[in-house]
Structure formats: structure tokens, C-alpha cells
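Listed next: structures, encoded as C-alpha cells.
Each of the two complexes below includes subunit A, the first together with subunit B, the second together with subunit C.
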Partner chain A sequence: MNGPLALWKRTAAQALPRFGPLLALVLMCAALGVFSEHFLSIDNLLNVFRQSAVNALLALGQLAVIVTAGIDLSVGSILGLSCVLAAMALKAGSAPALGIVVALGVGACLGLTNGLLLTKLRLPHPFIPTLGMMNVARGLALVLTGGFPISELPWGFRYWGAGTLWGVPVPVWLVVASCLLFHLFLTRTTPGRDLYAIGGNRQAALLCGVPVDGRLILAYGLSGLMAGAGAVVLAGRMNSGFPLAGVGAELDSIAAVIIGGASFFGGVGTVLGTLVGALIMGVLRNGLNLLNVSAYWQTVVIGAVIVAAVWVDVVRQRAAARR
Partner chain B sequence: MLFALVVGWLGWGCRRAGTSKLEIVLVTKALDSEFWQRLKTGAEQAARQDPQVRLSVLAPEREINIDQQVAILEDQIHKKVAALAVAPAGVAEVLPVLDKARAAGIPVVIVDTDVPWPHRVSFVGIDNRLGGRMAAEYVLRAIGNRGKVAVIRGVLGVATQEERLAGFREVVTKAPGVEFVGAQPANSERALGMAVMENLLTRHPDLRAVFATNDQMALGAMEAIAARNLTGKVVLVGFDAGREAVRAVLAGRMDAVVAQFPERIGERAIQEAIKAARGQPNEKFVDIGTGLVTRHNAPELLRKMEASAAGRSD
Partner chain C sequence: MQGPLLEMRDISKSFGGVKALQGVSFEVWPAEVHALVGENGAGKSTLMNIASGVLRPDGGVICFNGRRLEELDPRRAQQLGIGFVHQELALVPQLSAGENICLGRHPAGPLRWVRWEQIHRGARELLEQLGREIDPGRPVSELSVGEQQLVEIARALALRARLLIMDEPTAALSEQEAGRLFQVIGRLKRSGVSVVYITHRLKEIYQTADRVTVLRDGRRVVTAPVDQMPLETLVRHMIGREARQQFPARSSYASRQEALRVEGFSARGCFEDIGFTVRRGEILGLAGLVGAGRTELLEALFGVREPDAGRLWIGGRPVRIRSPRDAIRHGMALVPDDRKTKGLIPGAPVLWNLVLASQRGFLIHTRREQESAAKMASELRLRLIDPEQPASSLSGGNQQKVVLARWLLAEASIFLMDEPTRGIDVGAKAEIYELIRRLAARGAAIVLVSSELEEVLNLADRVLVMHRGRIVGELQAEQASEEAVMRLATGAAQ
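On to the complex of A and B.
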């Protein structure tokens, strides 16, 4: 491997892992700014943030799972069930705050259940319990509502999805706060760092005295909790707890984490990268919407971006192995 | 880099086209069925009548992706288009974004599925309840007013689906010899329609008739009926009357289908949207009308549909 391509690959391999996704995001915004006069306005950028908020929240939880070399396929369905139960609680006359507690609580409990199924039943791969939960939670959401959306929610609840604070949509504040908390948790606390250790080498982590099972249960619990948070935002935004909320959202959240530079093999991944990953997807969808490109093409483009992002990761690892 | 090129190419196309004055956007629930494709064709034909109008037709990937439709609408509202025509994927879920359109001064025509939103300048669609009643009357005649009947329905809570079901139920429950065994949802998708039909036939081996509230589900149900060699024994009625369904009626694999005329819906929706964009008065309710397609009138309808499809490709 000689010549300019190899050189380019080496240079890219050194620079890209850290700033690759961010760079891609900036380039994309610049390109879209050139082609659509509507793109680079404050209003529209706030739209992008608002539209990306649910995915960003889910992706943060997904990140905690993916760094352990796991995967959580149930977040979209947990979001749906949390939406529905919160809406039912609100319709039964509970206060908005209680509705939020219901959504978060349901999410966290289902997430913890995922973790318990994985560790205590010794199911062979996180794919299995979370795939099961994906179906169970969606099914329950449909059963409980008979399939009907539960709409017209009180403003105190809707505020978290549809309100604004100091000119910025509330969901955006929630994402910012969650990012800070997740960053601190993953980098500054023992349980957080343990998640990376488990993903890097589970056996070694076990030998070093990391309580692997407990940490895994925590990671899946966090993922569920974030699905509950996503439910509050989505139900608030749409003014409705609908049982089909979040269909396919698990794949979007996984995509955001992967585009953001995390590795499926565990041990690697940052909060900033994940946020950027979610924003890349949001910017793509928004920009292509502004350019009147059909949703089908958007899917094609996002698929290509996922593959490209992982390819960059592969190139980087190969270059690192050569050095 | 590649991305920039792709966006550049797409963006260039849009920019060049974007010089006309009146930008109208039609947002449907999806574009994955013949119904929406034909509605889009009608809309495009109406837009071509007026050289000042530039029409874009957008949709989420699937009818259940309500949040994606909301995002599309938000982005179009941000662009301050001249008028919107919307087929709402969720009746309550789109209300907040419709209010945003109103706040931005953009007139909204509601298409196909009505919503309880008093600010719409017009509703263009059909009387779905009447369509459901037509299906029921056909079913009652076909089964001689005796036996079990079921419904396979689309996404719950969507007005078009509720109305079709209500119309059907209203008529069949009045017939004393008929037992209505229930309405099962199949999200307007073909594969789900087939699965639901299989389950219905297992649960009720003596089922006499099924009404599927759109073509896709009817076509799926048709395969499930055929797989059990029950074609002609279980009466099957669909809704929409796309070409595939009309051909199935002609072949005797489906008994009847309630016809919608989606080209006409699309055309009238865009005409109303153009009027609204120009500040001209609107017709509040544009009823496109329905009809029942059976073996007797299917050949004629199919000929017409094929002629208009051939005309389109020129």
C-alpha cells in the first residue's frame, strides 16, 4: 500500500477518530447552507435540535449499553409503552409531574428488567432479552390502548416536549443536561468507567473485581430510563401518547451511536460523538426535507453514512495496528 | 465529500426549479401504495395547469411514522411555503404542527383524512362512512343476510378508518341473521393483512365475509383466503380500488371493492391549495364521491385506469 491513497488514509486515520464525526457535521451544515437559503437560520437550527432531541436522548442510553459491547433493541418499544402509560396516568387525572415520573419509572424498570434477564438468566447475548422486550413492550402498549392514541395532554406535561425556555426548546435543554450528566458519569465515576472496562475485556474486568453483572444491569437500566425521557419529550411534542410511538427508534439510536464513533465491539465511544451522531442524522433529514428530497432517499443517504462512518473506524484500526 | 456532491446535485435541481412564485407542498401519509401514487399524479397534473405553481410531494416512509411527518411539516413551515395540503398520519398528533402553520400564516388544506381543526381552509376527500355502508350492503346481499362477518382495519384512531368501520358496522349489525365478529387492525399493510386473515379463518372457520378497509390489506387477505381454497366462498370486499384490486375483482379473486378516485382527490386538493395561496375563497368540503366496483363494472374501470396510466407516461 503506497502512493497518495495510503498517505491520505494514514493522515485521515490519525485525525478522524477524534474529530471525524464533528468535521463531517460541520461540512454537512456548510453544504446545506449553500444549497438551501433556509438551512442556516436560527429558527431552522432550533428545529433540527428539536427534531433530534428524542433520538439524542435514546442514543445516550444506547451509548452506555454499546460501550459494554452490548446492544439495546427495546428502546423504541419502551418509549412507546412509557408514552402510553404516562398518557393514561394523565388522563386518569394525575398531576403532570406524576406523568413524568410514570414515564421515567416505566422506562427504568423495563431497562433494569433487560439487564436482569441478561445477567441472571444468563441469556447468551443482549440481543435476546432486548429483542424480547422490544416485542413485549410494543405489544403491551397496543393491548393497553386497544391501539388508540391517547391525546390532549395537560400543558404541564407537554411543556417538556413542546415548550421553550429562554427562546430555546425545552427538549434541547434536556438533551444538553443529559449529555453533561452522561459525560460526567461515563468519564468521572467508577461505575461509568467500569462500563468501558467491561466492553474492552470482560474477563479482565471480572478479574479486576468489577461487579460486571451489577454494572450491566445499571447500563440497561439507564438505557430504559432515557427511553422514558424520550417518551416525555415525544408525547409532549405530539400532544399524544400513541402506542406506535418510537417504531424503529432503536435502530436510529444505534445508528447515532455508531456514526458518533463508538465501536460495536465495546470499550469505545463518547457522549460528544453520540450527540454529533444524532445531530448528523437530524441535519440530514432536515436538510433533505428543506430540499424537498423524498423520505426514501433520506433513508438511502443515512444508510450510506452509517457504512461510511464504520469504514472510517476500520481504516483507523488497521492503521493503528500497523504502527 | 461524496455527501456534499450528492446534496449539491439534489440542491442544484431544486434551486433551478425554485424560481417560480407559488410554492405548494403536499404531504401525504406515505407513498408506498398505488393510492398515494395516484393521488400524487393527480396533484401534479393540477399543478401543471398553473405555470406559476411549483409543487413538491413529500411523505414519511410508512403511514405509522407520524413523528417523521411532523418533522417534514415543520421544515416546510419554516420555509414559509405558500400553502400546504396535508393528509394527516395521526389525527391528534398533527394538531400542534397545524397550529404552527396557522401562526406562520400558511393556509392548510386537509386531504383524505379529516381532523378536528377548525382553521383548515378546505377538506378534500370522500364520505368514508358512506363507503363503509356500501361495502356492508354488498356483503349482506352476497351472503344472503346470514352468517359471520369480520373487518380488517387500518391504524386505530385514524378518522378515515374509523368512519369506514362505523359505516360498515352500522349496516351489518342491523341485519338480525348476521354476526359481526370484530375488527382486527393490520395497519393498512399487505403482509399484516394476510396474517390477520389467516388468524381470522383459524378462529372462525365458518366466516362468510370480510371487509378490508384498504386495498393492501384486502390483497393480503385475498392470498390467505386463496391458500385455504376458500376463494369465492368467503366474500371479500376491499377499499380504494387500485389497479391491482380491480384486476383481482375481474379475476374473481376478490368480490368487490369500494372505489376512491385518488387522482381527483389530489387534483382538487391542489386546486384548493392554490386558491388559498392566492387568497381566493375556498370550498369548505370537497366531496369526491365513491362507487362500488364489482365484476360487472370492473372491465370498464380498468380500461379507463389503464388509459390514464398510459397517458401519464407520455
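On to the complex of A and C.
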């Protein structure tokens, strides 16, 4: 029974669901490479990665929340407000580093607020506080700017969104570093594992002494922080603090997490899957661009992919349950 | 001469590796009240879930009204006239009694308008048939448990049920309400409806049933008319000879040192003025009927719910416990009554479930965790293929061992155990009894809540009996009889 074949079979059975999204990504890249010779060039691949960076950063924060069986609808708006406040600080003459601190700080604070509202006010579902925050943050961004973008930011700030380091766009480095940190956090630390425990069975986690409220506040804080990081990259790349930056970004980030194999019911989800999910969305957009498919149709395709990805997962789980 | 209304032949069913039913045959005659008894885990609910189409048998034949049923599902069963009144009532609390009775088939006019008068008239008639006046317009959440039960029965009758299965209908009822339920059952019988009646309260059988079937460990032991089955015989059939031996030999490890002292614990509507002391090495049984407030009490002691009043001493020192975290810090452990919803994280690896209550510090030490998991697996004879397998893949007994092992790893010294052997097979039960004794021998204090009297009486050194949120008696387990405990638990002693 324990021959090499059986071992290999078991490994494959375990690996397939885990690397399913990755496999899909590779197949998609291969197919696009056949249809468009430009697609597989290093330049274009880096471009795809760069374009996916903001979504990937938001999705990492969203992953921390979704793993607890939660949802954060406010990340797009938090990104917008962070962009605006950082740009205002820079315009007021603060150093680029301070601009970054403002963006990250605003994001983290708003995220922590989400968590506090959820746990301390005992709101029934994270949908409520984050939906509220989504509107409040977006509204404030518009109020503060009167609806106009704040342009012309210093290069020291823009570098994080538009610069390159060793031939690779800086946002790509940021994504790689964030992925590593999140992976270590979620798999190698007790607070990280607690997030999975809360998502898997909140009552059981509570009865085992997991500080559920504190961990939830942490998860939403991380999600806000990553929205702030996304704001730095986006404002840097656009060279402006735009009050409507990140409209709809919360849904893209949720899509990336779900395509990457996380469960809406909590307790399941990986950093690798989430990164792959964000890249699948980026590759789709880029590939369809190269194939001259209109942006309107791209939206249709992405929508279908979200449903298909989860459906494949449902089918797989049902098959696994029958065994 | 008519044949039986329901006939089940050679029914078998397994869950995972556990055989819940093995070749059980069971029949119900028209207008018969048939009691189904047996210990927890004997297979009563499984058998009835099969009869009502909720579960599919692995083998066997089901005939209803002389027709063989191949593919039975709950909808089909309902159409045939098999009604099921569940232990946890399946009503929508926000809707009115009348709407609940008509749920899923509102009489509707043109444009699907709901005909309220018709709903209420129909509902009132049915409820009157049952001999109780309940305003069909009242929301179910305002009704008492007994009234809610009647609403469920009325719902089954509205579907023209010819066979009504009741799963422990009196478990949550007062004696008075139970008496009224028996009258209702009598009326049903006279109108030609058959009733299958699952119960743990054996005396009720003699008031209501025509025949009784005893199940034990997934097999049918006997079926007989109740007047040929005196109580002692019935109990002997239920327990069986070998069952007695599953308890480890009695020996007390109770010391003089006080582990946990409780005074004046009250929570409105749940329990009142509870006071007791458990010493190190002592097993304190907490007996009572379901709904007596024992689960709520344990959860309040553990900091899950806030009591209105009460003080706590651990090791002689006063402590305040505001959360499970506080409780764990003071060496307490709670084995909750429902391991699926409160005990385990079913989708997570067994390993995580084991270390959840004992993980400390920021970083995870994989090797240390694996070592402690291996230690626990061998100590509790926990059959694991792989510590990474999800906890949900284990059998009920092994799942419960994981919950217990978790607290051993957390080095708890005061164990609050709520129905620690609920829904697990006999073999695993015996192992858990042994473990409880071993814990006491090591000096742990144990508060054991169980609805199985036998369990409490055989394991505990001392038994407290709760009735309606109050402690109504204290007995030394060695001298206590099941009867004495039952008298207190049902309030009959007062």
C-alpha cells in the first residue's frame, strides 16, 4: 500500500486542489502565448504583474478577513481616501516618507475602526460596518478634494508606484515582499492561525481561549493597512491623489481571493492562491487587450471566471465528500 | 385484517466506521402508539430518520401501507403521510402559528394573494382538534415549548399525516404539559393516526403506548405490548448485561483540597442560586433533565455567558472570570455539549484542533506541536492516519477524544464536561470513562453533566440534581438509585 505509486497518488490528490488555480494560470498563459506572440515576452509579463499589483495588495488584506468568514467592502474607498490624504500631505510640503506613512496610517486606522465597530458594537455581520465605511471614506475623499484630483507628486513618493529596481517595477517587489510576510504571518504565527480557527468555527475558537475580538480587529486593521499600501502604489503610478481611485476595487480583491481557492465560509485560503487569483484577473485583462477584445467584454469574462472558479471548487469538494 | 402501516425490515446503516443500525426490523400498526426506547446512541433517531426519508439506509426494505418504498426522501415521506415532530422544533419563530402550520403550501387566490382568513380558520380547526386553544395569529416565538410542539403536530396533521414520529417530545416539557401531550396522543390514536414515540422517560410509556420496541447498540432487542413488559425488564433489555461492565471499577480519588467553589450563581431564566464545591480528584455529577440549566451553568462558570450574580473560588482564592480566556488561565477546561458547533473546527487539521487551547507565544513551533499530538494520540488511543487530516474525517468517539486531549495539553486541572459521551459508540464511551477516572486519579477536579443517569451514578463520587435551574438535592453516588435521582430531577420529590 505504501509503494511509491500510492505515495505519488496521495501527493497528487493533495496537491491538485492546492495548486489548481496555479495550473489554471499556467494554462491560460500558455494559451495566450499561442494566440499572441507578444504575450509571453518578459516585458509584457512584468507589465501584467505591475498592473495586478494594487489588486494583489488589497487581496492579501482581504484574504486575512475572508479567512475569518468575514468580508471587507471598504478597501476600495479606504484606498481612495488614503490616496487623497497622502497627496494633500505631500502638497503641504511633507517629505515623501511622511506621505507613505500617512497613506499606510490612514488605511490601518480606518481598518481598525472597521474591526472595532464589528466587535465592540456587536454589529451582526462585517458587511454592515465595512459597507458604512465604504461610503464614509469615499464621501470624505470627495469632500476633501471637492472631487478634483491632486496631481504632481514628488518622485520620492511616485517611485513606489512607477519606479523600477534591478529592472523590475517597484510595485512587483512590494507584492512579493507582502506575500512573503503574509504567508509567514498566516502559517507560522499563532495570531495568523487563530484567524483560520475563527473562520472555521468561531464558537469553538472562543471556547479554546482564542481572543476572537482582538484577532478580528487585527484582520480588519491589516486589510485597511494593505489598502493604504495599494494607495501608495496607485497614487505613485497615476502621479495624483484621485478621490475616485479604487472604485470597485473591493470587489476585485474579493474576486482574487475567491478565485484563489479561499472559502467565503471562512477557515480556508492561502497567500499563494490569492496571488494567483490576482494574476489570473490581470492576465485575463491583459490577454484580452492584446487580442483586441473591448474592455466591456473583459468585464463579462471576469464575471464568468469568478463563477466558474467557485463552481469548479464546489464540484471538486462534492467529489471529495463522496469518496 | 389489515397489514402494518409501516414495516421496516433488516435496516442497516453505518456512519463512517460506526454501525448505527444492524439488521433492525420494526413495524407500526394502524392507530397504534408505539414507543421506541434505548440508550443514547442505540439507533432510535437514526431508525426514525430513515423512516422519514432524512437518511438513506445502507440495506433493508421499507414498506408503507403495504407498498414497498424504493427512494424515500423527506418530501415523498410527507406526501405519503409520514410526519416527524423533531426534538429541536423546526418552526419559523417570527411567523404566526397559523403560517407555520401552512408553511410551504399557503392557500393562495388569484395573483398568489395569501388568503389569511383561510389560513387562520384552518389552523384554528386543527388546533382545536388537538384540544388546545392557541390563537393562530400569535407568533410562534411567544408560545411555550409545549404549545410550539402542538403547532408542529398540527402542521403534520395538516399534511394528512397517518404516522406521526415524535422524537423525545416530553424532554423539554413540564409534567403538566406532558400530561396534555398524552391527551393529544390519545385523540390522535382514536382518529386513526399511528404514533411512534421516542423517549427516555420510561414511565411515560405505560401512560401512552400500546407496544414498545427496545434498541440497543444498533440492534432490536425486543418488541412487546407494554402490559407484558414491566419496568425492570424494560430497563434490563435497554442496558444489557455487558453494558454494566463498561464502567471502570469504582474508586474515589477525592482529596480534601478544594479546587472550585461556587456560591450564589444566578442567571435569570437559566439557573438560580447555585452553590457547590468540587475537590481535587473528585468527580461531581450534575444530573437533571434537558433544559434544567446545566449547560448554561457550565458556560457561565467558564466565562462564556455572564451570570447576573455569583462568586467563584479556585484553589481557595476568589477569582473573576469574564471570558473563556480567563477560565483557561485559571486551569479550567470546558468540554462542550455539542462538539460539532462548539468543540471542533471541523475543516481544520486534527493537529490544530489539538493544540488550539495550549498554543502560547507568537511563533508556531511545528515540531513541538507534532510531538505533543503524537503523545496524545498514543495516550488516548486516538486512531489517526495523519495529524494533518481534517477533524471532520474522524469518528464521533475520536473527535471527542481530540476535544479532551486538547485540555490535557493545556494542562487543565478543573474539567467541566457537558455530555462528554453524547453520540459516540460504546467502545469509545468506555475509553472516555476510563480517561475521566484517570484524570481524577491525577488530581483533576471534574464536574460531569450527563443526561445518562447510569453514567453519572457510576462515575461520580457525589451527585447534585438540578431541576428548573436550581439544585434540588445532593446524593452520594454509591447509595443513590436512578429512581431517587429521577424523582428529584422531575420535581416529583418536592
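Note that the second predicted complex is superposed on the first by the 307 of 323 C-alpha atoms of A that agree within 3 Å, B and C clash if a C-alpha of one lies under 4 Å from a C-alpha of the other, contacts with A are read in each partner's own complex, and residues count from 1 in each chain.
The rule we apply is simple: a contact is a pair of C-beta atoms (placed from the backbone, for glycine too) under 8 Å apart; a residue touches a chain by one contact, two chains touch by 3 or more.
Owing to the predicted nature of the structure, the values given are computational and were not obtained by experimental measurement.
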Room on subunit A for both subunit B and subunit C (clash or fit): fit
Partner chain(s) touched by A:47 [first = subunit B, second = subunit C, both, neither]: first
A:293 touches, of subunit B and subunit C: first, second, both or neither? first
Contacts of A:201 with subunit B and subunit C, given as first, second, both or neither: second
From subunit A, separation angle of subunit B and subunit C (C-alpha centres, steps of 10 degrees): 130
Touched partner set for A:144, first subunit B, second subunit C, both or neither: neither
Residue contacts with subunit A in the superposition, subunit B compared against subunit C: B
First (subunit B), second (subunit C), both or neither touched by A:244: first
A:268 touches, of subunit B and subunit C: first, second, both or neither? second
Which superposed partner A:210 touches (first subunit B, second subunit C, both, neither): second
First, second, both or neither for A:193, with subunit B first and subunit C second: second
First, second, both or neither for A:22, with subunit B first and subunit C second: neither
Superposition-derived minimum Cα distance between subunit C and subunit B (Å): 30
Intersection of the subunit A residues that touch subunit B with those that touch subunit C: none
Parts of subunit A lying in touch with subunit C, wherever the complex brings them together: 187-191, 193, 196-197, 200-201, 203-211, 267-268
Contact set on subunit B toward subunit A in their complex: 2-4, 6-8, 10-12, 14-15, 25, 31, 56, 58-61, 64-68, 70-72, 74-76, 78-79, 90-93, 95-96, 155-157, 185
Of subunit A, residues touching subunit B in the complex: 24, 27-28, 31-32, 34-36, 38, 41, 43-44, 47, 50-51, 54, 145-149, 151-152, 162, 234, 237-240, 242, 244-245, 247-248, 285-297, 299, 301, 304-305, 308
Sites on subunit C touched by subunit A in the complex: 302, 304, 324-325, 327-329, 334, 336, 341-348, 352, 356-357, 359-364, 406
